[in-house]
Every structure is written in structure tokens, then in C-alpha cells.
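You will see chain A twice below: alongside chain B first, and alongside chain C after that.
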Partner chain A sequence: MMKSLIQKVRSRVNEIPTHAWLLGLLVATLIERLVGDAVAGSLGLGIIPRLFGVRYILTKPLLIPSMMAYLLVIYLVPISIVAWFSAPLIKKLPSRLSTPIFLLLLYGALHIWGGLDEYRLLVLQFILISILLTASLNLTNGYMGEFSCASGGFMAVGAYVTSVLTVWGFVNDDVFGPPALPPAIGPFMFPIALIIGGIVTALTALLVAIPSFRTRGDYLAIISLAYTFIIKSFLENLELVGGPRGFMHMPKWANLPVVFLWTLAGLWVMHNYVSSLLGKGAPGVRDDELAAEVMTVDTRRVKVITFMLSAFWTGVAGGLFAHVMGYINPATFGIMKTAEIMAMLYMGGLNSITGSIVGAVLLKFLMEALRPLQVAKWIFIPVIIIFFMIRRPWGLVSFREFGILRKEVKRAPASD
Partner chain B sequence: MTLTAFLQYFANALQWGSFYALIAIGYSMVYGVLMLYNFAHGDIFMSGAYIGLFVCTGLLAISAGGLVSMPPWLILILTIIGSMIGTSLVGMFVERVAYRPLRNAPRASAAVTGLMVGLLLETTNLWGLGAERRHYPPLIKVMSYKIGGVSITNTKIMVIGVALLVMLIMHLIVHKTKMGLAMRACAYDFPVVPLMGVSIDFIAPATFVLGSSAAAIAGVLFSISYPVLEPYMGMLIGWKAFIAAILGGRGSIKGAMLAGYLLGFIEIFVAAIFPSTLRDLIAYSIALLILTFRPLGFFGEPYSAHMRL
Partner chain C sequence: MPLLQIKNLTHWFGGLRAVHNFHENLEEGEIVGLIGPNGAGKTTIFNLICGIYKPTQGEIIFDGENLVGLPPHVITSKGIGRTFQKLRLWRHLSVLDTIKLAHFSRKNYGLFDALFWTRRCQKQEEEIEERTWELLKIFGLTQYAYARAWDLPYGLQRKVEMVRALVSEPKLLLLDEPTVGMTLREMYETMDLIREMKEKFDLTILIIEHRMKVIMNLCERIKAIDFGEIIADGTPDEIRNNPRVIEAYLGKEVEV
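Showing the complex of A and B:
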């Protein structure tokens, strides 16, 4: 009796579509917005827990029960109830509307959740930018199987080019003088600045691509590493953009919707690219370059285009990063940034956009959650990453896609 | 630039290049034998310097306590030996934790665990010993000789001499011993070597021991010449030595040595002629140019068909 009930519930839960869970999350964030403060106050937490209260585990262990109660009341119960009862409704959705509704629900939940707290908003923005960075590194390192260490350098180029454009165009700055264009149109021209930043990054990527793709092997790794160092050193010597002191006064235009849309656009383009005929050459190059060549893949073209696309989106992410921070300096984009993105990629999973999302969210969340440990944080994070790498050398979600990223295979009706 | 100034810079460059060459050997060996980037090697160099500091301080305390009185040169030799042993253990630990479990995984995953182990070494040091800079006790009296207007200190001569000696020994180990033969066999055709009765689980740690010992010697010598130690000292010099190792060619000891000295020369002379902030920019650009025209480095051999990815 009991057992069959559990089985029934379990099968019902397994059938709940992702959309229903997201709807639940949206409702939960709405509830948090309405009564979050009151609940947190009555539980003795003071303010609403910022990142699901993970910090209390490290700083105030006595508050853990209150935190659990808060999570139960605000998130767990509403999400389960809503998901349970909306599942039949959502299953009736036409499949054409599935993706737009998924994205709307996701954005709504993120917007309300992030709108409650400045810190949450900042963490969300950084997580989204990291997703974009990781996915674009995945193009070269995961899909194409090369080893590029140029993420930091690409980010720096994109960030600096975009920032110089926006500061020159729309801000009254000491170096660049009064705004060259009317500041009112600034936010509308921001996408153009980002795209120019991305294009310039892709063109500098050509400098790396041309020498390194002549030979197979590890030369991309070394040349891209040297590229990162050269860019950093070059920027440190460029007095026009502040040299080692950094560059500031960027308008903070990259708010949550902007970052969300750009990340979405990036993932969409990259996902479509790797599903296209040209992009499918990239895994071919990874697995067996000679065989791919025999199968009419123009390997050189695939390599250069994949690398430049990756550089473009890394540059855009750099531009977004600069306009979230409002201040950049060359040291931000050093080898540590590259290492961070690589850790996200290889932990999340190769050859999968889903994997990049998982890795970026997980590591960024971990970095924020362990912040109270200060220096010791960088003891725990490497240990966790090494553990993950040893358990799953290909990453958590590799060679697979989930959710709306999964391609429906349309089978032709049997014609016999 | 006068001839005297040139000779002075030349001597400095020889010393500076010795450090790069010694560290680059470690990269080059691991890269040649196991085909992986040991990104933790710069931090192994840092560990070498710190272990040397502890051994040296301990020995000085024993010596001052009057139990056994040791002359400074003996302390120096014991420091180098102690640091070599300690750092070899660190190197074996890195191999065991970060690389052995991933031997059949994508090489890039192993590179990431290497990076993380390096970060772990740095932070453990920072966390355990604090951020303050540490100083080596003055072991040997620095004496300066003037030869035709060029001043050369005895530490400088020692650094260059020891570095050349170590590189000669490494070269002999790799080319004249049975273990060296096994290592070269690994570099030549990795999958076949175990079939010939050579245990990879022995060759891999042995490679790390050799590379780490060279890094330990570099660490002690570096801290005698520039007596300031900090947890992040291995990072920059490590990355540069990595580039030197690649410039030298895959797995080639003489290549690593040549490229290490070349990098030292470029850096010292760029700093002498241009503003010193341009040093990294020009050094890396020259490295990039060399790789563009010689993608395999100075003494690199083309890849065999059995490249593991």
C-alpha cells in the first residue's frame, strides 16, 4: 500500500516538465518578494538569506535550522505545490511555444529573485557572463579538442575596446574629453559597441590562429598563453587607457536583462553553430583530423572559424564584464582568469553547452558561498575541483544536452 | 652601450637565465615523457625555496646551539640536498594526486588538475605561513670581484656553475642510464613502453623527482641571490620557464637550457635598453615570433603517430 503510493508519487514527479518547476520557482520568488522579510524576521534571520543562506553554514551555524525552515517555507513547499498542480496544464502547451515560455519563466524568476538584493543581482550577472565565457571556450577546447589558454586575453581585448568606445562616445572623461555622441542614445548604441569589441577580438584571434593551426598539437596552447601575456603587458604599457592603474568611468549599462539577453544570444548562436554542417566539422577535427579531411571537411577553415567565433563571444563577455564592474585593470584578465574559466569548462563538461552552464553556475556559486573563508577559500576550491576531475575526467555533463538545448530527432515515417 | 656594460649585463643574464633553464628542464622532462603540461611546476619551484629556507634555518639553529658546529658551506650543501629531497616528495605527491588518476583521461583535464594543485600549494603556503615576505639568512659572505671593470659576485659564479653542473648531470641521466633509456622510450612511444616491461608507475614519479630536484636547486639558488620569498614567487617565473621549455622543443634538455638562457638574455637586455615595463611584452613577442617560424622549437621532433589526446 505504502510502497505503491511512493512509487506513484515518484513516477508523477518524474513526469513533471521543467517548465512546471520553473513556474514553481517564479511563484516562490514572488512569495519571497511579498513575505520574505516578514518570514526571515520571525525566524530570527534578520534579512532574507542572500544565496539560499549557504553562508550561515560557515559563519553562524546556530542559524542553520532557521535557514532550513526559511528555505522550506519560501522555496520548497511552493515550488512543489505549484509544480505538482501545474504539470498537467503545462503538458498541454503547444511545442512551438515551449522554448519562449521556458525563457520567459526563467527570466521572470531570475528578475524577481535578483531584484530583492544588490548582491544577488551582481552574482547573477557574473554567473551569466561566466556561462558565456565557458561556452565559448568550449567551442575550441571541448568541441574542437584544441587547448586554448587565450580566454583572459580575449576578454581583455573585448573589455577594453568596448569600454573605450562607450567612454569616448558617451561619457565626459579626462582623457577622451566630452562625449562625442549624445549620451541619451548611449544604451541603444551599447550593443554596437559590444559587437565591435567582439569583432576586434576575433581579428586579434586571427593572429593566434594563423601560426598555430599550421601544425597539429600543442602549439595553440603555448601561442595563446603567450598572447594572453602579451595583451596584458601591452595594456599595462598603454598610458591612454590608464596602464596598470586601470580604466574606469564606464557607464553600468550591463544590467540583468542586457546580460541575460546577450548570454542567451551567445548560447543560441554557438549551439546552432555546432549543430550546423560547418560546425560539425569541429568534433571531426578533434577525433581524427585526417579522417575529417578525407570526409571533405575543410579542417583549416573549420579551425579558424570556430576559434574566431569563440574569440568573438569571449570578447563580448569581456565587454559585458567591464560594464557590470564599471572599472577594469589589466591584472583582472591575467592567467588566473583563464584558469578559472578552464576550471569551469573542464568541471562542467566537454562538448556540451549544458555542461558549460552547469560548470559555470556551480563554480561561481561555490566561489561566492565560500567567501567567508577568505584565503582558505582557495584551498577548498582546488580540492573540490580536483575531486570532480578525478571522479569524472570528462566533466559532469559531457557529450550530452538537456532541456531545451536537446535536439528533437525527427524520424522520417517508415516508407517500406 | 660600452663593452664593460655589455659584459656586466652578460654576466647578469647568465645568472638570470640559469634559473629559467633549471626550471624549464622540469617542464620539458614531464612534457616529453608523459606528454602533459605540469602547470604546478612553478609552485614546485616555490616549495623548493621554502623547504630550503626551513632546512637552512633549522641547521643554523643546530649549529648555533653548539651541538654540532658546521661551516657555512656545509650548511649550504645540506640545504640544497634537503630541499631536493623535500621538493621531490612534493613532486611525487603532485604526480600521485593530480596526474596519475587522470592518465587515461583527456590531457587537458590533467592540465586543469595541475593548475589547481599549483593554486593549492600557493594558498596553503599563504594560509599556513602568512603573507609576509621571508628572507634567507646570509649563508655565504657575498664577495665581489672586479675583472676588467665588470663586477662579479661569488654567488653569481656559484649559480652559473651549479646550474651548468646540474644540467650536465640531468643530460647524463637521461642519455646514459637505463632509467633515462626508459624515459626516452616513453617520449618516443608511450603505449608500447609498458609492454616492454617498464612500469609507467615507476617512470612517471622518477621523472617528477628529477624535475623537482632541478626546481629545488633553482629555488635555493634563487633565494640566495634574491633573498625575498613570497608564496606567489613561482607563478610568473614558472610561466616564463614553461614558455622557455616549449621554445626549446618537446622533451629536449639542451633545448630547454638554450631557451632558458635565451629568455634570460632577452629580458636583461630589453630592460637595459628599453624601459623595463616593456620587458615582458618584448620577451613574449620574440618567443611568439620564434614559434611562428619554428613551431617545434629549437630541438623538437615531430610528433609520433601515437599522440595521446
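Showing the complex of A and C:
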């Protein structure tokens, strides 16, 4: 009797579509906005837990029960109730509207959740940028099976080019003087600046690609690592953009909706690319380059295009990063940044956009949550990554896509 | 005019002469066997035809066009399919994607279409998908479409590789030891498959094989090579009794 009831509930829970969970999350964030402060106050938490209260585990263990209660009241219960009761309704949605509604719900939830706290907002923006970075690194390291260490360098090029453009164009700055263009149109020109930054990054990537793609193996790793270091020292010695002191006064145009839209655009384009036959050449090159070449794949072209596309989106992410911070310096884009993106990639999963999202969200969240550990964080995080590498060498979600990222050109014939 | 005309083909690996003065006129519709002891240069000849190696000397004329110096993907898209001696399937790709990827030269949309998934790209992707399913159906591989090619049993992997070679609608098929490592039953199945493919797709086939049973059964003409040089050329019966072939395989007869 009891058992069958549990089974029934479980099967119904499994059937709840993602949209319903998202709607639940949206309602939960609304509730948090309305009564979050009051609930947190009455539970003795003072302020609302910023990142689901993970930090209390490390800093104030005595508050853990209050934190649990808060999560239960604000998130768990409303999400479950809404998801449970809205599921039948959402199943009736026409499939054409499925993706737009999914994205609207997602953005709505993020907007309200992030709008409650400055710090949350910043973390959200960084997470979105990390997703873009990880997915673009996935193109070369995951899909194409090369080992590129140029993420930091690409990011730097994108960030500096975009920043110089916006500061020169729209800001009264002591380096470039008064704005060259009317500042009022600035936010509308920002996308163009980002795209130019991405294109310049892709062109510098071509310089790396030409010598290194003639051969296979470790060459790309070595050359791309050199690239990151060369870019960093070049910028450190370029007095025009502040040298090692960094470059500042960028307008903070990369707010949450802008970053969200760009991340979405990047994922969409990259996902299209890897789903197309042109992009499928990349896994062909990875698994057996000679076979790919003999099976009519223009491997040279596929390699260069994939690498440049990856560089383009890394550059755009760099530009976004600069306009979230409003200040950049060359040290930000060194080997540590590259390693961070790689960790997200190998934790999340190779050859999968879903994997990149999972890895970026998880690791970035972990890094913020473990901040109270200070330096010990850098022992803790590598240990987690090593654990993943032993348990799941290809990453959490690899060679698979989930949800709206699953693309089938045409359904298989039912039978033959 | 022969479909494939090889004249004077010579290839050196540094100081080693792998192929010397090889010539061959392959008429349309023929099945020709290429035999010879290990290291005789058979696979090298295949690699020269496909453009993986550039010959030191000689001409390879396919369908009236000289192939020497063209990159492999161009050569194969002109109508030459091949399989490999050691299986070379893509490790992480499903059977469906494997067959699909071999359609690479058939698409003619550009990068822009791929990035923004334009109507043009969509249409071509659909056509290719459809053709892939058709091919899978013809060879009875539909049920394995979503399995990774690497996870299939050996005989099926060979089959997938052969289907992959047929995607570009080749006129000439190069089979490099198609029955190596197979059980007797799989061998007979493969022989039937080769005959069936030849009928269905109007193929001309050049086949390397060590198993004499396969060669003698399938081929109308056999070429034997040793140390990169042709030592015999003729019908299966002629080859069987050719003293130079016997010598190459078994050694010289000695008076006792």
C-alpha cells in the first residue's frame, strides 16, 4: 500500500517537465523577494543566505538548521508544489513555444534571484561568462581532441580590444581623451565592439593555428601556452593600456540581460556548429584524422574553423568580462584563468554543450562557496577535480546532450 | 579507356624502395586482387592512390584525371572509396554519425549556414540524414544506428566501414584485407556482401587479401607483387601455378 504510493509519486515526479521546475523556481524567487528578509530575520540568519547558505557550513555551523529551514520554506516547498500542480498544464504547451518559454522562465528566475543581492548578481554574471568560456574551449579540447591552453590569451585579446574600443568611443578618459562618438549610442554599439573583439581574437588564433595544425600531438598545447604568455607580457609592456597596472574606466554595460543574451547566442551558434556536418568533422579529426581525410572530410579547414570559432567566443567572453568588472589587468588572464576554464571543462564533460554548462556552474559555484576557506580552497578544489578525473575521466556529462540542447535533424523512421 | 590507369608508379621511403614501376589498367566493372607477402607494398599502393603518400614518380589517372598531388579528401570525393586493413572507425561516433560524416563532401553550405542553422543548411542536413538511413536500411544496420560503431561485433564493424566507404558513391572501391581476423562464416558473409555491393553500386574493386580462398573466388584477375615489383599478372588459375608466385610465398625449390 505504502510502497505503491511511493512508486506512484516517484513516477509522477519523474514525469514533471523541466519547465515546471523552472516555474517553481521563479515562484520561489518571487517568494524570497517578498518575504525573504522577514523569514531570514525570524530564523536568526540576519540577511538572506546569498548562495543558498552554503557558506554557513564552513563559517557558522550553528546556523545550519536555520539555513535548512530557510531553504525548505523559501525554495523546496514552493518549487515542489508549483512543479507538481503546473506539470499537467505545461505538458499541454505547443512544442513550438517550448524553447522560448523555457528561456523566459529561466531568465525570469535568474533576474529575480540575482536582483536581490549585488553579490549574487556578480556571481551570476561570472557563471554565465564561464559557461561561454567553457563551451568554446570544449570545441577545441573536447570536440576536436586537441589540447589548447590559449583560453587566457584569447580572453585577454578580446577584453582589451573591446575595452579600448568602448573607452575610445564613448568615455572621457585621460588616455584617449574625450569620447569619439556620442556616448548616448554607446550601449547599442557595445555588441559591435564585442564582435570586433571576437574577430580580432580569431585572427590572432589563426597565427597559432597555421604552424601548429600541420602536425598533431602536443604542438598545439605548447604553442597555445606560449601564446598566452606572449599576450600577457605584451600587454604588460604596452603603456598605452596601462601596462601591468591595468586598464580601467570601461562602462559597465554587461549587465545580467546582456550577458545572458550573449551567452545564449554563443551557445546557440556553437551548438548549431557541432550539430552540423561541417562541425561533426571535428570529432572525426579527433577520433581518426586519417580516416576523416580519406572519408572526404577537409580536415585542415575543419581544424582551422573550429579553432577560430572557439577563439571568437572566448574573445567575446573576455569582452563581457571586462565590462562586468569595469577594470582589467594582464595578470587576470594568465595561466590560472586558463587552468580554471580547463578544470570546468574536464569536470563538466567533453564533447557536450550540456557538460560545459554543468561544469562551469558547478565549479564557479564551488569556488564562491568555498571562499571562506581562503587559501585552502586551492587544495580542496583540485582534490575534487582529481576525484572526478578518476571516477569520470570524460567528465560528468560527456558525449550526450539533454533537454533543449538535444538536436535531431529528422526523426528516425519508425520501422523498416 | 580504363577507369584507373597507373603508370610507372615508384615510391621511396627514404632509402627504401617500397613500390617500383607498378602499373595497372583497371577496367570498369572488374574485380582485381592484389596479393603478395607481408611488406610487399600492397597497402602502400592503396595509400598512393588515395593521396596519403605522394608518389616519388609515376602517374595515377582516374577517370581521365591525374590524381597525383591532390589531397586525400579531394581524391576520395572524386569517386574512390576505401577501407583500412586495421579498422579505422571513429571511436566515439554512433553508426549513424559515422555514415553521416562520410557525406562531408556532399554538403555545399558554408560556415555561415552551419553557424546560424539556415534553411539551406537544414535542408541539406535533412537530405543527408535521409540518405544515411537509406544506406543503413540497405545493409541491415538500422537497429545499430544509435550504437557506437566501436561497440559492435567485429564483423559488423567491418560492414560499417564498408558502408562508410560507399557513401561517396565511389566508382572504385579499394578493399584492404576485408576478411582479416574473421571467422569462416563471417568470411563467407563478407564475400557475399562484396558481390552484392558490386552489383548494387556498379563498382570496380581492387582488393588486397591474404586468404587465397577469397581472392580465387572473387577476382577475375590477380596481380602478385613482391618487394614492390609486379611478379605475376593473370587469371586465378595462372597465378596459382606461377612459379614466381610460389617462390615468393614458399621459397625456391632446392635440388636435394
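Remarks
One rule holds for everything that comes next: the second predicted complex is superposed on the first by the 408 of 416 C-alpha atoms of A that agree within 3 Å, B and C clash if a C-alpha of one lies under 4 Å from a C-alpha of the other, contacts with A are read in each partner's own complex, and residues count from 1 in each chain.
Definition applied: contacts are C-beta pairs under 8 Å (C-beta built on N, C-alpha and C of every residue); 3 or more make two chains touch, one makes a residue touch a chain.
Please read these numbers as outputs of a predicted model, since none were measured by experiment.
When both complexes are superposed on chain A, chain B and chain C end up sitting side by side without clashing.
In the superposed model, A:Tyr219 makes contact with chain B only, not with chain C. Within the superposed three-chain model, A:Asn141 lies in touch with chain B and out of touch with chain C [touch as defined at top]. In the superposed model, A:Phe399 lies in contact with chain C only, and not with chain B.
Here chain B and chain C are compared by how many residues of chain A each touches, and B touches more. Touch criterion not met for A:Ala184: it reaches neither chain B nor chain C. Using the contact criterion defined above for the overlaid structures, shared-chain residue A:Ser276 touches chain C, although it does not reach chain B. Contacts of A:Asp298 after superposition: chain C is touched, whereas chain B is not reached. Of all Cα pairs spanning chain B and chain C in the superposition, the closest are 11 Å apart. In the three-chain superposition model, chain A touches both chain B and chain C at residues 286. Of all residues in chain A, those touching chain B in their complex are 141, 145, 147, 211-212, 214-219, 221-223, 225-227, 229-230, 232-234, 236-237, 286, 335, 339, 342-343, 346-347, 350, 375-376, 378-379, 381-383, 385-386, 389-390, 393-395. Touching chain A in their complex are the following residues of chain B: 37, 97-98, 101-102, 104-109, 111-113, 115-117, 119-120, 122-124, 126-127, 235, 239, 242-243, 246, 277-278, 280-281, 284-285, 287-288, 291-292, 295-296, 303, 307, 309.
Residues 50, 52, 71-73, 76-77, 82, 84, 88-93, 97, 100-107, 109, 111, 113-117, 121-122, 124-126, 128-130, 133, 137, 142, 145, 164-165, 167-168 of chain C touch chain A in their complex. Per the touch definition, chain A reaches chain C in the complex via residues 269, 272-273, 275-281, 283-284, 286-288, 290-300, 305, 309, 351, 399, 409-410, 412-413, 416.
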